[in-house]
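Below are two complexes that have chain A in common, paired first with chain B and then with chain C.
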Partner chain A sequence: MKQSQCLKLFAVIVSITVGSSHVWATGPRVTQALLSPSENQIYTDDFPPFSSTDISTGGFAAEIINTAMKGAKLDFVQTTLPLQRMVKFYLKQEGALAIYGRHLSFTKKENKNLIYIPIVVNTEKYFYYSPAHKNELTWTGNLKAFNSYTYGAQTGENTDKYKKAGVRVQYGRTHSLLKKMITKKVDFISAPDINMQWMIDKYFLTEKDNIKPVNGFSKLEALSVIFNKRHKQGALAAKAFKKELAAMVKDGRYLAIVKKYAQAKDKPVNYVKRLANYNKSSNR
Partner chain B sequence: MKNMTTTIFIGLVFYSVQGIAAGYNIVNPVTVGMSSERLERIDKIIETHVEEKKIAGAVVLVARKGKIAYFKEAGIADTDKPMKKDTIFRIVSMTKPITSTAIMLLYEEGKLLLSDPVSKYIPEFKNPKVLELNPKGSEFEYKLVPAKREITVRDLITHKSGLLYLFPTNYYKERERQLVAELYKEAGITDGFCRPDETIGDMVKRLARLPLFKHPGDVWDYSLSIDVLGYLVEVVSGMRFDKFVEKRIFAPLKMKDSHFYIPEEKLGRLAAVFESDWKGSLKRTGTEPLIDNYLALCPTDAYALSGKYLTGGGNVLSTVYDYFRFAQMFLNNGELDGVRLLSRKTVELMTATNHIGDLSAEFLHDKDWKFGLGFAIQQGRGHDVDSGDDGTYEWAGIYSTRFSIDPKEQKITIFMSQTSPFGLHFSLWDRLLVLSGSAISD
Partner chain C sequence: MKGLYVAGMLFLYLYTPLAFSSTEIIKFGANESPPYWSSMLEKQGMCGEIMHAISKVANLKAEIEFTPLKRLIDDDNNNDLGNPEFYMKIQEFASIVPIAIYRVNVVYYRPNHKEEIKISSLDDLKGYKIGVIQGVLTEQAYFKNAGITFETSYTEDSLIKKVKRGRVDLVLSIDLVAQSSIKKLYPNEIGDFEFIDVAGSTSPIALMISENHPNAKSIGKEFSAGLNEVIKSGAYKRILEKYYGVGKIPNGWFDELNKFQRLYDFHSE
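Coming up: the complex of A and B.
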């Protein structure tokens, strides 16, 4: 075969290939993802900056999970839902591999089938709207001191202690609770510092100086990935995930992720320490 | 004969002077094949409704062959101001045909296809799931199954997406609808009649991740689909939705009094909303929202001079005259006063093509109403409403505003009041259509 013939043949092959790919590109009318859903689903709800579709990486916690799961060579799909009730639904009804999020509580019986692995330990504070309170709110160590107030609870949050102390409770999403606080329908809400700052910066920037933490109150709150033992991969995945997470903490990958999200007033290294202390104290 | 000619001449001069004096070109109805005597019957009907305190006031316009033959106001716009021809109304869902037009402008530019999955532009719509009930006695009341296919742009513009509005849950009692509506509420999804303090994109991205009520294409259900389209305009055009509509629709059509948020200098022209029991009890609404279970209306939101929320399903404030210009553009197959907005083929696709097959657009109507792209289209007369010829297309707004475009007779009828609840004005609207139809004299 002459060189010119070879070139012609090559050109024909190229045009057929390009033409075919064009047909393929416009042919299917549904996405591949729709046809091949992963069996290993991890669900969470909007909890910025830990999990949010507004953040290109998926968020602080989402990135930790992605890194650990990939490091452990576990195939999975992570989905951020707009409400917590659906997260629990996917775990209980659909048998998801794992879930994570705030205030995900389960019965003793249900907990027997769940494995909790803390991934971030946050400093949680109470916040109030200063124009609604002439004197700044100070924590006295007893919730009863707030019994003339209304607490804004997350939907699904256990509010027994507030009710017991005589504190009125209203439920909602963080956004709606902040709005209620600004319109003086709610007096105080609870949130990790980093979450509150994110919400204020995105939605309530003009109120930035008016939303203040209650003096003298802070507590540690762990955000855990909850693996489902009823899922065929659940127990094994939890074990591999835990191992990889520990490796991430050790080799600095965990700290590198924290640095992307941590605020100036809460040093990244504090997250590493808090996670280590939490694991130690809870003997996990 | 001479006397008669003189009378007609004086009549023509009177109508012309009246129209020009008000700044509107209102012609003698005879010149467009309409009877002025018969059109005047509309005066009586509206005035009676005002006197009986069923409505506070209204503006009615009837146009034929491109000219305004009847344009009158009656009653009050607010407790301290009369209704005027240039009174500004919350047209709410009459925004939907405007949003549909915005989408079709992008369609005509080849920037999107009706067959495109919405997830191509808004990834949150990938892998939709549909809520289905489990058999009675199951541990869980419902399950989520993968949708048969993704939602397309055409599903949105025709309300076949499987998305919902919350307020129809007051009337339709299917359990699946209630369950999905409750998830909407919990996720902070509203119908948008009370403007939330967020962007439309924030809302749409949450909505996209909630279960569908039905599989896309399987149902016609009035919904937030058009709000999604408003956000889609932003994504595809790269412009804020209100800016796109102002530049591409309001400005070329000279809809000078149409806005997403009212300019301060026009606040005095905005009508108040009145609650009516249609039996003589008429009350101006205050600052509190009007709540009826799943329906939440905030009439005072319209006084806001600015805001983040731009809903394609219900944001626009407008006048009867501006909406006439929008409607006339459709009747003219896409052009008005020498400005072409849409092609004839696109207008046919929107207003003269049934896109919902055997389904019925049952929300405003019963059987024999189909749906184009943004408009309900009458195809058959098996129903009780005398709404004009087959091919007539229309829609309405929740504060009792309506329009009807009859292409066969080249007739436009527009009625605007600001009356809540919505459903009680139907008999008045039906009569207006009878009167505008029976005034045709050629």
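Coming up: the complex of A and C.
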């Protein structure tokens, strides 16, 4: 290659590198929400693979919601925010149509104006960092057995039961909690299996074999869309959404979405069964 | 005498750290994004000026280190400047203080179009070729299905040149960034470029203090109080008008800023 060609190539590489390094902060984020002046805003926080700006479809839960809302012919825009507290802000102070995400708790009074519709029921587990513990962590059925440990709670999570059991608590989001666990500042954290695997694969692949589930512990947690009755279309939208979701489960559209995201060890049909059982047990 | 000397040394030992704490330099990372943050501009750009004005009244010392954005995002231990959404995925901040806002505009070159262009929804973009900066386009499949065509460029200057030459019809851009580029490239044709404000496109520009920074929360509170002070004194408005022009601060600026201050108010938790 001639020297002039090398220089040209170098100039192109430099312009691309320098250009792309600063475009993000000066460029607009071009999303569906931009130029979509819909009054029906749905907000969630980053919770991969259920909702994430890193996933082209928006994520597992986002796709279920998109399909159900479109099927019900409801106009809407979904936005993924970085923090859970921002999701609550948009519901309470900006009157969003609906929100979804983990650990979104409200007072009894606030709940009177909210309609919960479960869309996915997950298997949630405790995880720990094995190099920090000589012996495997095993669930004995009592949190007090973990009272010498520190629990990494999600910001906004209700941690009363941990505090009552004498477990120390540190707060953060999944990424920082995993980091704290690896640096031995936190002993165990809680997450849906599918969420933990996604985070490990994306950010902590070298620690894959060291992050292990606590033996003998798993519980079911429902992820619900929470419609806002104070929004002028809230109650009607919730009703139409629920009806369309039931139709999706029946005609296989729900299962088709699950198949895109479910882990190999968790059969897609289990998601359908868990949602049906959850609805049955809670008379929804 | 010896006792007095020891007492004096003890006094210095105990109180010197306090005296130094007010002169501690708080380092922030920013990436070159003129005219908001730039090492090339006087007082480091519009937001640089705001930050230094706040620091002065709050009796804090803040410095900006200019670094490529990817490095700033990957560093999950530093203090950052800019739109918090770029940084928050993998970093926890003890305090986020929004100090300004920016908006997305649709820019077009009037002589290339017989009629005025009106854009109020995504549908209005159909039929136009739209220029955007490389990397800002998400949900590409959605836009493709919606029949909206984009062309990307690596720099704002390139987009502005393309829209003038008619290679693209519209450019989606940040208001001041596009204005700054037009002023530089076509200073005699500024009036030929039309700007359409995109409703609901406002984002915050903030000072972000890492949860690992000593006294992060109290520093954040001092910056917030300093911001209120410079707004009250009129110094803040004067800085904005230097960049936007006198009387040309975008409508609703202070309401939007206030909304972002409430949104990122971690201290009330």
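Of note:
Following the convention adopted for this analysis, the second predicted complex is superposed on the first by the 248 of 284 C-alpha atoms of A that agree within 3 Å, B and C clash if a C-alpha of one lies under 4 Å from a C-alpha of the other, contacts with A are read in each partner's own complex, and residues count from 1 in each chain.
Please note the rule applied: contacts are C-beta pairs under 8 Å (C-beta built on N, C-alpha and C of every residue); 3 or more make two chains touch, one makes a residue touch a chain.
Worth saying up front: this structure is predicted, and the values here are computed from it rather than measured.
When the two structures are aligned on the shared chain, A:K92 is found in touch with chain B, with no touch to chain C.
By the document's definition of touching, of the two partners only chain C reaches A:S56; chain B does not. Contact comparison for chain A: of chain B and chain C, C touches the greater number of residues. Of the two partner chains placed by superposition, A:A256 touches none, neither chain B nor chain C. Of the two partner chains, neither chain B nor chain C is touched by A:A276.
The contact surfaces that chain B and chain C form on chain A in the two complexes overlap at residues 29-31, 33-34, 37, 46, 53, 81-83, 85-86, 89, 93, 172-173, 175-176, 179, 203. Contact residues on chain B toward chain A in their complex (touch as defined above): 115, 117, 119, 124, 126-127, 139-140, 143-144, 146, 149-150, 183, 186-188, 197-198, 205-207, 209-210.
In the complex of the two chains, the chain C residues touching chain A come out as 31-34, 36-37, 68-70, 76, 82-86, 88-92, 104, 119-122, 124-125, 132-143, 150, 154-156, 172-174, 177, 198-201, 203, 262-263, 266, 269.
Considering their complex, residues 15-16, 18-37, 46, 53, 56, 58, 81-83, 85-86, 89, 93, 172-173, 175-176, 179, 203 of chain A touch chain C. The touching residues of chain A, counted against chain B in their complex, run 29-31, 33-34, 37, 46, 53-54, 79-83, 85-86, 89, 92-94, 155, 172-173, 175-176, 179, 203.
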